[in-house]
Every structure is written in C-alpha cells, then in structure tokens.
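Contents: one structure, followed by commentary.
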Amino acid sequence: MSVKAPISADLIAEQNDAEISALESDYTALGAQLSRRGIDIDVLTKAAMNFAVAIPSWGVGTGGTRFARFPGIGEPRNIYEKLADCAVIQQLGRATPTVSLHIPWDKVDELSELREAASGYGLGFDAMNSNTFQDQDAQSQSYKFGSLSHSDAAVREQAVAHNLECIEIGQKLGSKALTVWIGDGTNFPGQQSFTRSFERYLSAMKSVYAGVPDDWKLFIEHKIFEPAFYSTVIQDWGSNYLAATELGPKASCLVDLGHHAPNVNIEMIVARLFQFGKLGGFHFNDSKYGDDDLDSGSINPYQLFLVFNELVDAERHAPEKFDPAYMLDQSHNVTDPIESLISSAIEVQRAYVQALLVDHSALAGYQDENDVMMANRTLKSAYNTDVSPILAMARQKAGGAIDPIVAFRKAGYRDAVGKQRPASKGSGGGIV
Amino acid sequence: MSVKAPISADLIAEQNDAEISALESDYTALGAQLSRRGIDIDVLTKAAMNFAVAIPSWGVGTGGTRFARFPGIGEPRNIYEKLADCAVIQQLGRATPTVSLHIPWDKVDELSELREAASGYGLGFDAMNSNTFQDQDAQSQSYKFGSLSHSDAAVREQAVAHNLECIEIGQKLGSKALTVWIGDGTNFPGQQSFTRSFERYLSAMKSVYAGVPDDWKLFIEHKIFEPAFYSTVIQDWGSNYLAATELGPKASCLVDLGHHAPNVNIEMIVARLFQFGKLGGFHFNDSKYGDDDLDSGSINPYQLFLVFNELVDAERHAPEKFDPAYMLDQSHNVTDPIESLISSAIEVQRAYVQALLVDHSALAGYQDENDVMMANRTLKSAYNTDVSPILAMARQKAGGAIDPIVAFRKAGYRDAVGKQRPASKGSGGGIV
Amino acid sequence: MSVKAPISADLIAEQNDAEISALESDYTALGAQLSRRGIDIDVLTKAAMNFAVAIPSWGVGTGGTRFARFPGIGEPRNIYEKLADCAVIQQLGRATPTVSLHIPWDKVDELSELREAASGYGLGFDAMNSNTFQDQDAQSQSYKFGSLSHSDAAVREQAVAHNLECIEIGQKLGSKALTVWIGDGTNFPGQQSFTRSFERYLSAMKSVYAGVPDDWKLFIEHKIFEPAFYSTVIQDWGSNYLAATELGPKASCLVDLGHHAPNVNIEMIVARLFQFGKLGGFHFNDSKYGDDDLDSGSINPYQLFLVFNELVDAERHAPEKFDPAYMLDQSHNVTDPIESLISSAIEVQRAYVQALLVDHSALAGYQDENDVMMANRTLKSAYNTDVSPILAMARQKAGGAIDPIVAFRKAGYRDAVGKQRPASKGSGGGIV
Amino acid sequence: MSVKAPISADLIAEQNDAEISALESDYTALGAQLSRRGIDIDVLTKAAMNFAVAIPSWGVGTGGTRFARFPGIGEPRNIYEKLADCAVIQQLGRATPTVSLHIPWDKVDELSELREAASGYGLGFDAMNSNTFQDQDAQSQSYKFGSLSHSDAAVREQAVAHNLECIEIGQKLGSKALTVWIGDGTNFPGQQSFTRSFERYLSAMKSVYAGVPDDWKLFIEHKIFEPAFYSTVIQDWGSNYLAATELGPKASCLVDLGHHAPNVNIEMIVARLFQFGKLGGFHFNDSKYGDDDLDSGSINPYQLFLVFNELVDAERHAPEKFDPAYMLDQSHNVTDPIESLISSAIEVQRAYVQALLVDHSALAGYQDENDVMMANRTLKSAYNTDVSPILAMARQKAGGAIDPIVAFRKAGYRDAVGKQRPASKGSGGGIV
C-alpha cells in the first residue's frame, strides 16, 4: 500500500536537487573531520534516520495564553485534518512517525476509520492523553476543585472512568501507553490537605493502573505550577517517583522540560529516574520562565544536548532497560505550527546526534581522574560540532526534504488548507 | 440622594449586633496595649476608614487559566451587573469605593447612564484600562505580533486610537487616569529587535500621552513575562522608568506585585520609583510562581506589609509628592469573586495599618547606629500586632459589616443573582 | 545540682518585674479572646514551654560570605566558650536546651569534660554534624573533588571514617543522631557522571549507616547548590528520599528551609516526607535568594507558619510516628549571634504556637466541601493572632526573660566576653 | 623590544605543526560553506584576531566558596606572579592582552616597575577595581555595615578616598577606567532605609566621579544579592542606570552575567543600556543558580551568543557610540585557572564570531514581516555554525597555539611554578 503524501514528492525532489550539491560538500567535509576524531559519519546518519519523536495532535493548532489566542490560517478542525498536518510534518522532516492523541478532543465514533486514516499516511499512534483538567459538556461532575485527587469520590470515579476509556480507545488504535497529567492542586494555603489529596490521588490511580494492559505503559507527568498556583499534587519528580513506585512496574515518570522550578538541573533528574528504573519519557519543549511551551531548543539548546547526553549514556550502560517515549509538547502561538513542529523535531534530533558524538570512554577516564577541564571539553567539542549536514542527509535519504521549511513554503500547503478550513474564533485544540 | 444598597442594611446591623461585644472587648484590649506603646488606636481606626483600594470590573467574574475556566454561579454578564457586585463589596467591606473599567469589555452606548448607575451605588470610577492584547471582532488590525510596538504603523495607530478612546470614555465617567499594559514581546530570540520595538513603543506612547488631559495620569505597567515568553517590551521597572521618563510628568510606573522575576525585592523597587518621582500606583495581588493573581496577602503577607512600610515612609517624608493609585488585580478561579475581593481589600488595609504602627523615628535611629536587631524588631513588632479589631471597627463605624464574609453569605446574594444570571461557558471577563 | 547561669538571675527577675504587669494584661486579653474561640491559653503556654529547638555550636560565631567576614566582639574561640554563649541563649529564651556539635571544629581531647561542661549549664547534645566539605590540616586525602561520592576509594574511605568518628564522639556525649551534609557535586557539565557519583555516595553511606547505633538516627540533608554550582549529589528531596530509603529505617531526610530552588513549596515537601516515613527534621533559617541563612522568620514568616501547620497536623494524625529534630542553622553576619539565636528560636516557637491555633476539624470540613475561602481563613485567623504574650509568659514561667534581647543587653554579657576573648581575624567557626 | 614569553615558542610551533594540517582542512571546508552563504571567512578570522577580553588579576588564583577553598598547585603569590600567568594565557590564546587590577590586593610600592613588568610581557592594564567589601588591616573604619552608602560619613569618606587612590594608581599604570562594585546592602528588612542608603551612595559616588579623569570611564556594577541577602544598594540595571545617569557622561553600567534574578533576559538589558547610552561593559562568566562565576559559556552558551548578537547589532547601528569594556570575572574552584581563562576567552570569542555570522539585513526583513520562524532561524543558523576553525586559525596567525590547553599542558608550566611557589592555605586572591 502506498502512503498518502500531502506534499508533492516531485516538489520535494526538485527542491532537494537544488540543495544536494552543497549538502554533499558539507557532509563530506564533516565526514572527514569526524573520521579524524574516529567517528564514522554514516553511523550517525543512520542513527538520525532511526530517531523518532511523536507529534501531539493538539500541537498542529495554534496555541494561546489565558489572555488571548490569535488563530492561524487553515487550522485543523478535527483529528482527521490534524492527521493531515502531521503527515506533512513527517513527510518533510522524517523524524515524527507517530501522533499522540488527546481525549476527548480527538474522540471520534469510528476508531477503525481513524486508524486507517493514520496508517494511510504512514502514521502510528503514540501515547494516549487523558483530560481531567477541563469540564466537558456532557460531564456530570466538575473538575473545578480537582479530579483524581478530588475530595468527592464521585469526581474521582468519573476521572478514573475517563482514563480507562482512553485506554480502551488507545487499544483500538494501536497505542501502547497512557499519559496522565492532572491540573489538581490548590490556589490557597489550607485549600486542601497535601497528604489527603495525595492519598486520594494514589487510590484513584491504582484503579487506573488496574486497567492498564500488560503490554502498556502508564506515564505520570509532574509540573510545579499552573493551573494551580499554590500547590500541585504531582509537583515534582519526587512526588512523581513516589506515585510511580506505589503503582507498580508499568508506571513511570514523564519529564516535561518546562515543568520544573527555576534553575533546577533537569538532566540530573533524568539520570536519577533512569537509575531507579522510572524514566518513562519526555515532553520536549523549551522555556525561559515557566511552562512556556516554546519550540524545542529555541531558548537553551545546550540543556537539550545535556539531556540527550544522559540518554545516550543510559542506553549505553543499560540498553535492555532503555525505552523512553519521546514527544513534542509545545504551544505555537506566533508561528505556523507545522513549521514549528518540523523545526523542533530537528532540534531534538540535533541534540541526540550531538550527544552521540561524545567520546564516552574518554569522558569516563577524565571523570575518574577529576580532569574537569578535559571532561567538560569532551562534551563541548561534541556540542560545538555542527551536525546539520547529518540531519539533512538523514532526511534526504529517508525521502524527506533537505530544507523542510523551505519546501513546506514552496508547496503552498498552508494557503491551500486555509481555503478549505475556515478560521475559528474559539480556543481550539491548540491550548495546552 | 440615598445610596442603593444591594444587601439589606438590617441584615448587616443584626449581624453586627451579634459580633459587636466581642469586637469591643478585643478593640479595648488592643487599644490598651497600643496606648502603652504610645499609639492612639482611634487614629489608626480613622486611617483605616480613609483607606481605599479600587476594584477592577473584571475581578467580579471568575478567572481562569489557558487550560480551563470553571464558571461560578451568577457571574455578572455586563458592566451593570459588575457594578452591582462591586456595590456589595463596598457595602460590606467599606474599603473599595471605586471601580476600574476595562475597555472594550465594559463599553456601553450610554456613558451617562453608566455614570449614574455607579453613583447610585455610591461608587466612582478609578483608572481606565485599555486592551491591546486581544483582538476584537470589529478590529481591522491584529495584535498577534504586538500593538503599540508592532512593526506595522497601521497596528500601532489602531492601538493609539484605542487608548485615546479609553481616555475619552473615562473623561465622561469621571476617571482621572489611564493604565496601559501591553502584552507586546516575543517568543523567540530574533523575533524582534529589542531596540526598534522599544523605539516604536515610545513613539506610539507619545501619541497617547499627547491625548492625556492635564489633570490625568498615565500609568505604565511592567511585567517580566506572559503572554510573551522570551522577551517583553516593558519587562521590568527599569524599562518602565525609562518609558515614563521619556513621556513626561503625567506618566508614572505601576507596580503589580506578581510581575517580577523570582526573588526580586519589590519593596525596594517601590522605594526607588518614589525617590525618583515615578511611583504611579499598584495592582495588588499575591503570587508564588509567576503572575498567579492570587488574593492579596494569601501567599506572602509580610511582603505586602513591607511594601506598605515603604509607602507610609514615603508619605511621611514627602506627603506633597505622595499620591499612588491602589487597585486590586486578581484572578479568582476557585473562590467567590465577591468574597475574595472583600477579603483582599481587608488584607491590603491590614498591611497599611500594620505599617502605620512602625515607630519610624526609633527605626531611623537604629538604622543610623546599625543596630540591625532592633531595627528589624521595630518592623516585626508592628507586623506581629493583630490589627483585626481596628479593621473590623473601621468597617462597623463606616456602616459595613464586622465580618463581611459571614454577612455576605447570610444575605444570600450569590444564590439570588444565580437565579437571575444564567451560567456562561465563555471565557467571560474574568480572565486577566 | 544547680545549673550554672551566665546571666545574673536577679537581673532577669528585676527586668521581668518591670514588664510583668503589661504582659499579664495582654495575656489576659488574649486569653479572653482565645476562650471565645474555644481555646485554652494555658494549654498553649504549656506547649510553648515544651517546645525546643537546638542551637548549632557554630551559630554563636559571626558568619561571613566568600567575600568577607566581619568579626564581632567577644566571639567564642572554642567549644567551651560556645557552650557558655549557648547557655546564655537558653537561660534567657528557654527554648533551646541542646547544642549540636560540628566535628572537627568542636573536637576536644576530653569528651567527659565537655559533657560535664554542657550539663553544668543544663545543656544536652543534639545531632552530631560531620564535615567532609573542607580539608583539615592532618588529612591525607583532599575533598576538593568530593568526599563520600569521590571517584577515588581512598577519599571515600576517609570520609566514611570521619563520619564513624563523629558517631563515636557523639555516643560519648549523649547525642542520638548524625547529620550528613556533603558539598559533593560539580561545577561543569561532564565533570562527573550523575549516576556513578550517586552509586558511590550510596555505597559509602551504607558503610556509615552500618555504624549508626540502633537507637540513633541518620539525617541526610539536601541542597540545590553551593558549594557546587552545576550539580549537587543530594540536590533535592527526591534524591534525599532515594538515599534514605536505600539506607534503611534509621535514615531520614533533613529539610533546611534555604536549600530549595526558587518558588518551591517547602511545606508540601514536609508533608510528603512525613507521609512516606522519611521526615527526619529541620535546619531552620530564612532566605530570599539562596542558602542565605538569615534569621528564622525574618523574610517569610508565613512560610514558617505553614511548615508548622504541616507538623502540627502530622503530629495529630500519627503521633507515634512524629519525632522530627529541630535545629537552627543560620549565619549571623551583621547581628550579635546570641541575640539572633534567641530571637530566631522565638520566631520558630511563634510559628508553632500559631499553628496550634488552627482549628483542624473545621479546616478538614472546609476542605471536604471545597469551601476554599473558609479553609484559607481558618489558617489566616490563626496566623494573624498575636501570640507574643503566650511566648513571653512561657519564658517567664520557665525562668527566662520576658524580653530576652533587652535583658541580654542589660546584662552586659557581650562587653564582658569581649574583654576575655580577643578578636580573631580568621574565618572562625561562623562560616556555615 | 622583544616580548618576554613564559612558554617556549618552539614548543608552540611544534605543537601547531602537528595540528595545522587538520585545521587547514576544516578551515577550508568552513570557508567554502561560508562562501556559499556570502561570507568571507578571512574577514571573520581578522575580526577574531582583533577581539580582546581582559583578564582579572585575581582570576589566576584558585577561587573558593564561603565553605572552603581548595588551593591549586603553584598559585601566584603576588601581582608579578599573576602577571606571569596572564602572560601565559595571552601567549597561548591571543585574546587577552590586558589585565584588570584589584586594589589593595595588587598594590605595590613601585608602580613604574609593575608597569614595566606588564609591558615586558606585552600586557596592558584594563579597568582598576576598588575594594570596599572587605576590611584591610590598616583601615580605620569597618565596612561591616556598608561603604559608600554607610550611615556614618567617616566610612563613606574612607571608601571615597580608596576609590580615588585606585584612580591615582591606575593613572600611573595606563589604565583608563575604574570599576566600582560594592557589597553594600542589608540582611534584614528595616536594617537600612532604601532611599537614604541610595542618597548616601549617590553623594559619595559624586565625590568619586569628581576625581575621574576626563579620558577615563567609571563603571558601576549591579548585583541582585550576595554578600547582602535581603537588599543590595545597586541591585539591578534600573538602580545602576539611575546612578550612572545622576553621575554624568563618564559613568556607565557594567553587566556581570551572573548578577541577575532567575529567568531575567540579560541580552535585553544589554540592548536597553546601549540604547540609552549607558552600556559600559561586561564581566563575563556563566551561572546556573546565582553569582556562580563559572567559566564563560559553560552553562548556557546560547545566552552568550545572544548577548553578542546585541553587541554586534549595536556596533553596526551606532559604531561611534560603541565602546564596551570586556573582562572575564570567574572563580576557578576546580580547574587550573590558566586553563579556564584561556578556554573562557575562546568561548567569549566564539560567541562574538558566531554573532558576526548573523545576516542582519535578512533578520531585519523577517522582523518587519513578523516571519518569526525565519527570524529565529537566522540566529540559529549562525549559532549552529562551528566556528572553531576560525578561532584556531586566528590564534595560529597571531602566534598563539592552535590548541592552547594541550600546548599549556605540554609546556609543563604548572609543574614548574608549583616548584617555585609554595602552597598557600589562606583565602588567596582567588575569592571573588
């Protein structure tokens, strides 16, 4: 079965033809340099081709803040249009073969139809995301004061049932994981008991866990604040670890790069969670102030590299235990979401390939000898290497675009969908 | 003309009757203690009675976050209903005689009718607030990429015209000030030039300033982030000061307690702005993480006291220059907005009265001698004093409720308006 | 045996005589108010009298920063002089019956003599503190690159042996706990492997743990940064919990209020640690920016109250599991350390007594009903109560001073020791 | 006159010979790539050769924290030995032709001798640094409670006189600037009046300013905290700007990258200060938590690039006004200070050359059109370019080492001075 391609393959080929000569020149030069450093560039290119990060279905809509949302042109109005946009991202960038759904935003009557639509584009389904931080029309209980940790058992039961439904839907779509992020917390000292809230959360999550299939994973996501502004039930990796441990082996911790207190060393948290068997995966994005949900690598690319340095190290030391889930989770308020997602996937991939350049055996030696300068230099020389030619070559070899943003613009996709999809004034699916 | 009172005066009187005896006992005891400290309690009570902080019209709606808004019961659907709610707050709490409007949210065709409605409740109008951080239906230009600092002159002109319209409306309502807060900024390094943006902002603001009547003030509000997540044009008091200075004497700086970087000493900024003639006023609220817009005094009440310690000190040293505008600016997501506003006004008033207790002459002496312990103790002994009886007595003497939250609940106002005002699903006016 | 009293009992009595009448008046008035709230003031006074927080031996010296230390007058030159100063603190304030030693700073040849000196003052010994963050003259291995987590086994062994020696000394002195804080960490990405460092730390700590007597406790202290500025081995409560859990039931977590990332909700961490059986105790101080080690309650007294609100709640719910260790840990750079320690102990005691005022049963009801306003108000009305008369009465009844700072100054102790103890230019024992 | 060279020129040449072939290969390849982007690599190499950043004399000693200092081998014991170390840095790295002195640490009797020693190494003197944050033996007044802002006029006069002496010394050495950083501030609310402290500071600084020669500059350095932990007199760029403006045109603001609140956008402050004519210069270093004084570019290299992007932009727009002073200001606690300073100068130079790669005219166009993606990509493509070959070639052409760290180690300089300079236990000159 041929894969449905939203962008003309000829256009991509034509564009690549114009760029391949310069790319080959850069690639050859980089290959020569890496060869002197004892590294085979083709191994890196293959690794880049094998790298994948999931697209969140809501990411293809324009995001907003509590103050306003400024819609973009041709925003997808439903999961089918979202899938089309995700297919563009994957066709051009070749690093995003799966889509992560959000229920109820992406709920449809015919799941088999949805599954076929995705596979028609060559796309699979990543983790399911439940939503107990908003009230839906049909809902009998309100999440205003919490969901899985609510003081009222009826609310907790509704939230549990919703999570179980997400699993059920996911099973029909071929997903293998459920991500649970709750907004539960308080805005005032005294509003709730920290301990009783956490007890209720754990109890409710045990009911969810009981419904997690044996070949599934349950990801728990922590966040220091927002939407709750005094306390949050799963506020940091400490509480996340406790919860995942209480639940059992299918549960593990999901790290969103924007969900920590200022100054926190996130790469160290990644190492700790892996060491103790609870690193579930990532929501990639970047931030300067809080959960800004900016494009990955746009604010602090070195931090992203340091995170991947831990991941590459983890995989080397315990490949049998290494299986983290990668997803982008961003809010595209002022850019074209398709462009931002293509670009962000590249930045995540860039950090991964740079991390592969680290000479781990030399590094371990410097660490043993406390040769701090050389240890640091080992990381920096990997990071300073411009691996752009590797990333471009990986895309080109996989059938994508050497310069996917340029190709996207040339293809006129945004204007075309702009005509088919009338503008929406609502908050859309982009607000997360 | 008698003032229209939403709550039955008899109910308040009856409630006060039940509480006055205990209050008088506490008041007398506190008076005796203060007398030993050389302070006349009645002077403080009068000061408390004279204290006022404005209510933002949008504050009586339920707020929300980018994730969700959970509407409350009986939310006001227009400025007239908002005024009724503000009247309740003032009737019971007696510290909030004015309302600050937000245009276009509060725009009406007949301004004279609005003015009469307010004066019917005994309410006046505080500063006008313009809005160039959202797009309105009728608007020709979009603020997606900025307003007063936008790269396109047409957008800047639209934003200037809107601010001038706000002044025009305010003049008809008896307001004497315009507050300009813009969300302009960027989400990506490189998105805009910091310098050119600020130049355009200053140029546009000069056009606004030209329209500010001579007996008006122009307040500029700074904020470190949100809705922009990489840079903000008026990001801190430094840029605010520069802008207010460039504009002229009618312009000054407005301090929102939640708009600063973590750890920043806000009371010191207050002192600096006053020293250099640019302290315009305050948006009071409290916060733990960012612009959380929590109830005043609910997270760090000592900080609020320290701010008022600077204000009381400023007034003592240069009363002729001291005229700051006080407003509450909060987002009530999980409480009844009327209760939160009553309670918050009391907390601001509490900090003010506690600050009045500081023995400034002793303090100055300790400072000169570097007797750090006694200097600090001078502040702490003022702060530790429970001035609740003074605040309650001030309310009672002014015709308000000794315990306004209890009185409000007894009055059944929320249930009553709940029947008249059907629930709204929209984002309402509460999201700021 | 009568206790040796550094300050004349007559002077204290005389001073108290001058203040008792005003105190009794305030106490009676407060008692009346509390009685209306259903609270027996004498119960609180007794609780205040039973409250105790340990003094760190190094706290009686003047502290400093990396930039400078400005010595005070009459600083103690050895542990015997430190004990004398601690005796003053306890004699006047009556809330600090024990002293926490730091090895090697307080090491002496004759431990029995030291024990007698302490008991002569009526003082006991709290937790022992080891030091592997500095190099001592006689030491064969350097801690420049770490101690318990060092890459070299010889360094780790030296650090283990030192901790075991601290236990040995403590056993002879009647101490029942060892506190382990290490400065181990890195200043550069790549300097050390997060995982291997933690493995080595755990392995070394297991050797220490093996030497912890059965009736002792082992407290592990976490800290986000300083002296290491990129990563720290025990950087937060998450790593602390993991370490304490790996070690076993004698190990638990120690919370220093200044050792967290900005904005972190510390009272919530306290609740989590207690819930999971690992709350060992506290190092009390206050801070605005980092590990500022300021006087307790001097920056954010409401936070201190909220911490005690958790502690009082914990004790109520599981008294059999509740046994946290309390210590002050501050750096007194610009005040007289004796005055700061007296005053800080009072502030901690104040927070405790205020927390006792919280109506927990009402609070639980409001929490169950999500009556956020009343839940918060329940805390605030406790906090707003001025419990100073209770604290003063507790001191007076226990033989201390109603106003201990005033009494201390009248006694002329500082001038007297100033004559006996020549000024030191060195960094002294005050730098922690 | 030939310049005295601490490292054998032959060794450097030999080392370069072994590396030049690989460098030329990389340089040629990069040149080809840049040529396709319309950039002449040789222009960049010349710019890199012209780039200079000053070495602080105290930076060649090992730094420490308030907890400990772990001395290195062969630390310089006086300014002459420090100059020798600075000469090594400049000989190998070729980006650091000047040294910034600190008085009284570097005070000598014969200034002409010192000047000759420096010029013998081919080194000049950058800004003078005064010290009123420590007490010196001979000093009559103590800075414990402040210096230029102290409540006592005698202390302020002493601090003014010291600054004037620094100018006098600097004039004899050929320096052209004085940098004033004070530690003045408070640890307790109430300790000092913010306003009176600032008034005293301004008054004292006017006396210093009066002594600043017409061809000199006066740099004022701000810092949010440390050594003061509640408030600091020159706490941020706002107060810094006010002070520099009050003083006059010779005064301007110095930005230390580690002296800001968490999350603050420093590159924006740089732009603002330049726009308003008050950007004096920089103290370069990197930090994760506070004033960590880590090696430049070691924590957030992209931020350093963004700062230089502003500087390059400023120079392009107003070259006649552009003359900032660049200095490294770091604390080398765990590395060889010579290696760290060489490496840090390269990292600063790297950011500068990367910033030169930004296509400013394209960027301005994208900004005008709000093409956010392309604007950001314009910065990122400059930043992602590995300019290491340009930096190495610039060193090689200027007579330095292609790989200066390797050359330094081969030269055996550290071991050699280790034999000449016995270890010191004191705090040394490295603690800043």
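Labels A, B, C and D are assigned to the chains in the order they are written; within every chain, residues are numbered from 1.
The working rule: a contact is a pair of C-beta atoms (placed from the backbone, for glycine too) under 8 Å apart; a residue touches a chain by one contact, two chains touch by 3 or more.
Quick caveat, the model's predicted, so the values are computed rather than measured.
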Subunit D against subunit A, contact positions shared by both copies (same if over half, else different): same
Pair from A-D, A-B or B-D with over half of its contact pairs in common with B-C: A-D
Pair of chains joined by more contacts [C-beta pairs], C-D or A-C: A-C
For subunit C paired with subunit D, centre-to-centre distance based on mean C-alpha positions, whole Å: 39
Gap in Å, rounded to a whole number, between the CA centres of subunit C and subunit A: 43
Junction residues of subunit C - those touching two or more other chains: 144-145, 186-189, 191, 224-225, 230, 262-263, 265, 288-289, 295, 298-299, 302, 334-335, 370, 372, 376
Subunit D - residues contacting subunit A, complex: 22, 25-26, 29-30, 32-33, 36, 262-263, 265, 288-289, 295, 298-303, 334-336, 339-340, 343, 350, 370, 372-374, 376-377, 380, 383-386, 388, 405
Subunit B to subunit D touching residues, read off their complex: 144-145, 151, 186-196, 198-199, 224-225, 230-231, 235-239, 241-242, 260-265, 267-269, 271-272, 274-276, 302, 306, 309-310, 313, 317, 363-364, 366-370, 372, 375-376, 378-379
Subunit D residues within the subunit C interface of the complex: 63-68, 70, 133-135, 142-145, 183, 186-189, 191, 224-227, 229-230, 262, 287-290, 292-295, 298-299, 331, 333-335, 427, 431-432
